[in-house]
């Protein structure tokens, strides 16, 4: 790059054209390797990027650090159940009333099979912010005097240099690849959420690479109708995945599929209660490992079920 | 999502409307009475008691409260029937939104929380008002029971103007002498001035509200003490089911029951499904 | 408040009704006192809350600390010119090509008549963020090794508690009252900007009280059509001020009035060059002090001029 | 706002189109050649040279650049004529927006800036690539000349992947031995490894681009050295108007002029108003 200014060649006058970033879930997830730190967007029972998450399981990735949502859902539980995870960074993993704590997550945490980087949701965003600001840490007040610095020794109490107050230093949560589910994008990666977008912007801003799966691809002209709504301005890869958050909800498209979630929870609770993986493995085989792609997954779920899911 | 509510349940039968307040209704009413107009309060999804408390205050004396529903700001006094949402991500709750809060913004902007009131639960709550959502056990790497985690309680109990501890189960398992872990700091070990010294933004937990009674905290020792018994509850039952010793006033006040007006708002507009009328543990 | 729970009285069952926060500029600005810290929104030649700013001058407030926009405009220059200001917190005060540096600001800074809290715009937002997070400081990397810690000794270099890196600690910029200009609000203070809103959200979040002037009041129902656009959710006071940003632009309504800005710049530059206030005082008398309210100001400007201002 | 451009100026006369590149056009071209497709670049409003450089790169070899215009992300290759905006707040520039950036978000999210390229000016620029926008004088409380302030240059020169120093005036007043104040740190006093030690995100200023020449920096001493003279500029003139001594290569390279294609894009699509064709100081 350095010597071009003196070279005087004419290559830089070639017009070229704008490169679409649309790809399929298989290619999108190819950037991931064992041991990476993966951010997963959404919130409890909504908007997890499941087409990508299931593909990640199909690749049988190992030793991942998973940065879930501030309140993670059974997406993280599934990744733990599949043995992909060495460490979970999340203030909560569960499904509210459907499963107060993710069963496979709880099983693995209680058995010491995974490391849990314990923190509160404000500390979680402090860590993401530090990453997006390229700082080693962000300070936060809440957490001092609690068990958090003991059960997560990476959180350091320190004296603030201005007023001498006791604060917590939250290390940057640096994400290699963020996986996000959103409503729409154009083919150049200008993504818009329906709804609040939860913490997806913060996960994106803390990551080196962002892959977004969307319910619909729309034209750049439609994106430009409301540029204030663009939540991820330039995803590295976009995957078209209608019903891609299933069995979770997708704002503006469909609510969570409680029946399907119940099926998963029952299987994972058997593991927690009895140590037996048989029902869980049957679930995983049917819905995750055997379908070769997202459409085959949807076929397993069945079109009738999908069409029945209505927000109102 | 199909509506699971049996037909006609929204319209109360005369009998149901006149039934005395249930323990959960009493809890919601006690919390609602403490809320003031103009305050900022989050309406959780799967927390029926605090949800009902916030809405009851809003519909009675809180027209200017900031009601946070599914991460949106809502105004609900014009709604004849406020649907119940089991999931905080239920998009139907956003129909009333005046503003969206991306969650990261909600968890960064603390200055507004001075007007905030928060309700904090716990798998353990101790005599000094500390709460534990982390787990039960001695080795945090291999907990006997792994709790849900602090979620946001560690922060919300620091930055809101005040907060209450709330438990749906009044038992010696929950109400303990000392928490195994502390995810939301109350008064620590009772050392005077601890919260001020740590620069925390409020005076600590105000009440512990349970299905049997209300505790508050001694101003000097910071130990929980009985504030009132719910109507019909015997003191001995509370003592038996509480894991710590506590001071008892003489005479013991009785928690005010909801007025008929409040009860009708609760049953007809806020809790038509009747979740508060279910049995409480303890 | 404490004993109500036991009193059992029926007062809390009174229905009451929702209180509008709409008022006029005179009442709105009444909360301000000498010596306060005032935040002023907008950006260079756009969206400054001038109806409020001029009212503040009319009240002859003194010794204010003015937290301008990250790039402040001649709004701050005007406040300095009027002698209201003891201290300016802003990384820039000027009008781009119309006046590369605010003349009255430059005059006062060079004469030592005001204190300038020197900083860069990233440090500025770090300070606002600290205030909104109720922290004594926010860390930032850029600024270490520059003159900023020397010319602004409140910025402290410190060693980060996680990796031991040298960082700057930026003290919280705590604002008593934020003054903001926006496109629309409902009468309950749910405010929506047109355009990006610049740094107005950050100024608002760092302030105890926020007063917003708007081009138009609209119905709550219209605000609810796009809740994602609500930028200030609950202003403490709202003032209806059509053409309220004049002579600056207001996104979606009118561009800057270059001619009027030129009139001000000429007057302020005379002060800078010659020390004479005569032209400046004439400007201030005509446009700021003599008009009793915002409409009288607009009458001075003239309806024909206002109607001529067209964005496209 | 009335369009100040005389009628028909957009259509270049044959003579004007063939006129050799002006100093500002040469500067813009030199900077454009350094920009790469896929990079992130802010297009300032009242900075005609960097504006033209970013747009020229975008329209020639940068279809995937992130062009930031008036705090919005824009794609401009389909625009036959890109209007000039004198003010960064000119709302007309937002017609092309694909995304809005609230300014506080733009100044918090630094991770993306790794792909960023920045152009930094200065009322003083010294031999070690430090820039001063603070002021001239010895007492910072009473500066002889109060500069505009760093604005965002202190930060942008740390977090963007690389940056250049640019001045429209090549004079000994601007190009000095040592800045009175440093608002954007270059190589400080030339101490090796200073930027790494401070954890700054790039290797420091790459070029100083002036109306007469391009400087770069010696890899060890970090002192500015002549990289190329613009066509027709005599070395002696540069020496006379530069306030610091500098190394001169032998032979001295000549800054590449824009190709006819580049010149026509500059004059017909980017700078129809001809601001770059005005005289430069120095």
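Read from first to last, the chains carry the letters A, B, C and D; within each, the first residue is number 1.
In the analysis below, contacts are C-beta pairs under 8 Å (C-beta built on N, C-alpha and C of every residue); 3 or more make two chains touch, one makes a residue touch a chain.
Given the structure is predicted, the values throughout are model-derived calculations rather than measurements.
K.L.:
Looking at the contacts, which chains touch chain B and chain C alike?
P.N.:
Under the touch definition, chain B and chain C have A as mutual neighbours.
K.L.:
Please compute the C-alpha centroid of chain C, do the same for chain D, then give the distance between them in whole Å.
P.N.:
Measuring from centre to centre gives 30 Å for this pair.
K.L.:
Where the CA atoms of chain A average out and where those of chain D average out, how many Å apart are those spots?
P.N.:
Once rounded, the distance between the two centres reads 39 Å.
K.L.:
When the C-alpha atoms of chain B and chain D are each averaged to a single point, how far apart are the two points in Å?
P.N.:
Here chain B and chain D have centroids separated by 58 Å.
K.L.:
On chain D, where are the residues touching two or more other chains?
P.N.:
72, 94, 100-101, 108, 159, 201
K.L.:
Could you check chain A for residues that touch two or more other chains and list them?
P.N.:
Expected reply: 129, 133-134, 140-141, 165, 196, 228.
K.L.:
Does the chain-touch network form a line, ring, star, complete graph or other?
P.N.:
If you draw each chain as a dot and join those that touch, the picture is no line, ring, star or complete graph.
K.L.:
By the touch definition up top, name every chain pair that qualifies.
P.N.:
Here the touching pairs of chains are A-B, A-C, A-D, B-C, C-D.
K.L.:
Could you please specify the touching residues of chain C with respect to chain D in the complex?
P.N.:
43-47, 70-71, 90-94, 96-97, 100-101, 105-106, 109-112, 115, 118-125, 128-129, 140-148, 150-151, 165-166, 195-199, 201-202, 249, 251-252, 255-256, 258, 310-312
K.L.:
Quick one: in the complex, what on chain D touches chain A?
P.N.:
Its residues touching chain A are 30, 32-34, 36-37, 57, 60-61, 63-64, 66, 72-73, 75, 77, 94, 96-101, 108-112, 159, 201, 207, 214, 227-228, 253, 255-256, 259, 261-262.
K.L.:
Touching chain C in the complex: which residues of chain D?
P.N.:
Result: residues 1, 45-46, 71-72, 86-92, 94, 100-104, 107-108, 134, 140-155, 157-159, 181-185, 188, 194, 198-201 of chain D touch chain C.
K.L.:
Tell me, which parts of chain C touch chain B in their complex?
P.N.:
By the definition above, chain C touches chain B via 1, 4-8, 10-19, 129, 131-134, 186, 188, 190, 205-208, 220, 223-224, 227-228, 230, 233-234.
K.L.:
Which bits of chain C are touching chain A when the two form their complex?
P.N.:
Going through chain C, the ones touching chain A are 133-141, 156, 158, 160-163, 165, 167, 169, 171-172, 196, 228-229.
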